Amino acid sequence: MKKLLNNVDQVVEDMLNGMAAAHSTYLRRLQNTTVLVRKQSPVNGKVGIVSGGGSGHEPAHGGFVGKGMLDAAVAGEVFTSPTPDQVFEAIKAVDGGKGVLLVIKNYTGDVMNFEMAAEMAEAEGINVQQVVVNDDVAVEDSSFTSGRRGIAGTVFVHKIAGAAAESGADLDEVKETAEKVIHHVKSMGMSLSPCIVPAAGTPGFELAENEMEIGTGIHGEPGVERTSILSSKETARLLFDKVQDDLHLQKGDRAAVLINGLGSTPLMEQYVFTSDVKEILDEHGIETADVIVGEWMTSLEMAGISLTLLKLTPDLEEKLFAEADTPAMKRFAK
Amino acid sequence: MDKQMAAEWLKRFAETVEKNKEELTKLDQAVGDGDHGINMNRGLQEVLRKMEEVPADSPGGVVKAAAMICISKVGGASGPLYGSALMKIASALGDEEDVEGKQLTKALRDGVDAIKKRGRAEEGEKTMVDVWEPAVQALEQGSSWQELTEIVKKARDNTIDMKATKGRAAYLGDRSIGHLDPGAVSSSYFFLELACVMEESS
Amino acid sequence: MKKLLNNVDQVVEDMLNGMAAAHSTYLRRLQNTTVLVRKQSPVNGKVGIVSGGGSGHEPAHGGFVGKGMLDAAVAGEVFTSPTPDQVFEAIKAVDGGKGVLLVIKNYTGDVMNFEMAAEMAEAEGINVQQVVVNDDVAVEDSSFTSGRRGIAGTVFVHKIAGAAAESGADLDEVKETAEKVIHHVKSMGMSLSPCIVPAAGTPGFELAENEMEIGTGIHGEPGVERTSILSSKETARLLFDKVQDDLHLQKGDRAAVLINGLGSTPLMEQYVFTSDVKEILDEHGIETADVIVGEWMTSLEMAGISLTLLKLTPDLEEKLFAEADTPAMKRFAK
Amino acid sequence: MDKQMAAEWLKRFAETVEKNKEELTKLDQAVGDGDHGINMNRGLQEVLRKMEEVPADSPGGVVKAAAMICISKVGGASGPLYGSALMKIASALGDEEDVEGKQLTKALRDGVDAIKKRGRAEEGEKTMVDVWEPAVQALEQGSSWQELTEIVKKARDNTIDMKATKGRAAYLGDRSIGHLDPGAVSSSYFFLELACVMEESS
């Protein structure tokens, strides 16, 4: 394992200090917690939005703390959901009197820990609602299982629910907006090489030189299928087809596209892939209102990419383009 | 069971997890995200420290302190699950200084029920429930600690052939078959060390 | 070699199409060239700024095309400087009547190709000036050699010269501003693993599991020294010391910091490193006006990082914080 | 030298570069950025295509067409250097249909001077100049084509012990010692193929 760090057990601690140092105009660290909150928290009269999860997905979620997105991000250990007490601290810090929405990615651990925090907050009289993002279409949905994972589509939830909160909507409206995004957003990823959790020291899975993994999540976990290496075009088609199976975009529909590098896939390759995705969308007559390319929700140094499509309605589109100013995502007011 | 035995139980549990940390990590890499050993060890080491610093007055007190630490230090899925289980076990044990076998079994029943409720999991889903449920049932049916040992090992190994439908392993679908469930393995340590401590004192 | 692409010989072509597709509100591709220009080019009455170089450094330079930074970016093949005819096309496309500044990274190939383009443009009566960025302190400067390389510090040149041009400054002023930045900016990098040029198929150098390379450039070229792996803190100190040897920052000086991931080093590690750099700067009493972390000038999927420090003067600081709106770097007007 | 011989020369040069593309890449990986073989091959393959499509009328025409392509297709350091050299060579050859040995030597002198001017390089800096300069000097001093072959090989190998002070290899400082310069190697092909073509026709 070759990593630039000091102590594997301190990596989250050190990282949070680095984020606070780099982005001091946006956010601050809540003392003795793993929580980053907006510099001026709570924002009075605004619904607070809290997200978080295991670390190793940077810029998610700390990079999205700021105007028009999150009020707080709670960091767990690498790939390990944060504990309820930490989430509770975040909730208390951002409640500006209009309640708090928790944006949870659908993993058993995250759901349970955030749920326990919500129970604690409610016991203190804070109004807390939660939404669970489950955009990953890699695994079939089923009522017998814990359902689908939340992956990069979460960024759209942050952006759009964040815009709703910023505009003064109340907790129910913000939650409804978030749920509408969740309903309309689908993703799927693949990887070319695994990643190494610092404290583990060995990769989560192994791939031969001619193999790729389809449907990989964002935790170095194995995907759902292994194939020989596909070209960017073939990969784009495979991921698009899976996403489209669920999303049923029609000719003339407007969509936002998020192409997410998982860690070590260079922007060069991401743009090659973007070009292939755009071609497919054009073929289908789907209008791309927005194309976002880069690293938004990573999996340490995993090589790979995910494709997220969000079906837009006029209200979602308006909020997607609303002003945002966070370390990782910025939007100018139009 | 007195407070020393309870402490000894959790101490051995912590030590076994530490010794098998890499093994648990490897198991979790195969079907999950590779942190189960790290998570459990982080929490249980803290439990050890706490037990030395502030020894509790009763078996219930020992377990309650461990529950709080699991909730605030383990994270992931196993944190709230072990945390909720231990919390319920502690409640059931109350602050009695010496706990009967029967009462312990009832407490463990509350524990497994808490896991099933928090995790919305049933037996057969390839999770820690697949060790907890048969273990507690065996005790309920009067198995000896010696017998429990065998039952727990078998239950643990039974997870190999299961297809996961809860937890991260569920994302693998059929590919989850053929691997031990890491949470079932750590849970087996929990019961094996309990049996060991109880056997030795009997 | 595991890469997400279609055809190694088409990778720059495909990438440019992807960039144009993703960032169509910012830029467009000049037909039959490898040039990306601002959507509305030329901007009348504004000095045009053209940069570029070999591909594989994305987001540099295409990601910096937009308001407040570049007017055009010329892409060469991977790690190969673009040819004069392409640079010439860019110059013609962005000349808004006030002349054009070329921002060149100091590599023999880049300097020669841009120079030839400037000669062509001058022959057509376009007023062209050029600056050469040489911020990499890894190699000793000497009048016998071709001097120091240009690396991540180039981003500050783009940002600050871009602000000058945007504010209406004339060509001489923009050039002077760029030169002032160049004078005040120093960088140094290191790497933990090499990268693979797609058309080559094998890594540019090899590093053992316990080795790191100090002073690596951004082209997969070997660095100047090889050591056993250092911690983030040790690395921060080593790079800072080398930079500081040249920059002589004093207590109370204000500086801008750019921490640049070279490709596959996760943001997590970059932030750990950021925290260590901040500590050193604090020790020295150097005020950090701005800390920028992320991937700004990469070397494909190389693992590693570079540290850039820019000594600020009030005029440079004002321009650093001026509004910019480009795909990769955005600054809100204060 | 007539136009066929000029075309044959550049054709062989292109073929040798193609055959040794990987070798050139490896050399450039050791002291540079690993693209010299790719750059040269990209340009020279285009030269081959162009020569087939639009055959030139004179040796100067052949070389001029190649110069234009090197400038617009090779990129990197080698593009402008070979481009400038070929351009000057073409100018010196003019549009004569048959070129004398002397005139060719004078043209090659213009070529090497163009490289030195563009690259601001002198002999001994571990660049292509270290093949071009001794090669042209030898011709100026009346060496035979056979002798040139030996001189060029020796000049190429002499770059091994040099420390680079120009081009990317200069960034390596002392670590550049012990490696062949890739541009010197491709330049050796340029002169070796010239010698070959001239020998065969004599």
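The letters A, B, C and D name the chains in turn, as written, and every chain counts its residues from 1.
Just so we're on the same page, a contact is a pair of C-beta atoms (placed from the backbone, for glycine too) under 8 Å apart; a residue touches a chain by one contact, two chains touch by 3 or more.
What you see is a predicted model, and the numbers here were worked out from it, not measured in a lab.
J.: Chain B to chain C: how many Å between their CA centres?
T.: Here the centre of chain C sits 54 Å away from the centre of chain B.
J.: Centroid of chain C to centroid of chain D, CA atoms only: how many Å?
T.: Roughly 32 Å, centre to centre.
J.: Taking the mean of the C-alpha atoms as each chain's centre, how many Å separate chain A from chain C?
T.: Chain centroid spacing, chain A to chain C, equals 28 Å.
J.: Tell me, which residues of chain B touch at least two other chains?
T.: None at all.
J.: Find every residue in chain C that makes contact with two or more other chains and list them.
T.: Expected reply: 78.
J.: If each protein chain is taken as a node and each touching pair as an edge, is the resulting graph a line, ring, star, complete or other?
T.: Topology of the interface graph: linear, an open chain of contacts.
J.: Name the touching chain pairs, would you?
T.: A-B, A-C, C-D
J.: Could you please specify the touching residues of chain B with respect to chain A in the complex?
T.: Residue positions touching the partner: 25-26, 29-35, 38-39, 42, 71-81, 118-120, 165-168, 170-173, 175.
J.: Applying the document's contact rule, which stretches of chain A touch chain C when the two form their complex?
T.: 2-6, 11, 14-19, 21-24, 55-56, 58-59, 63, 78, 192-193, 209, 212, 229, 231-233, 235, 259, 263-276, 278, 288, 291-293, 295, 298, 300-301, 303, 305, 325, 330, 332
J.: Contact residues on chain C for chain D in the complex?
T.: Counting only chain C, the residues touching chain D are 54, 76-85, 107-109, 112-113, 116, 138-140, 142, 144-146, 149, 197, 199-200, 202-205, 215, 217, 219-222, 224.
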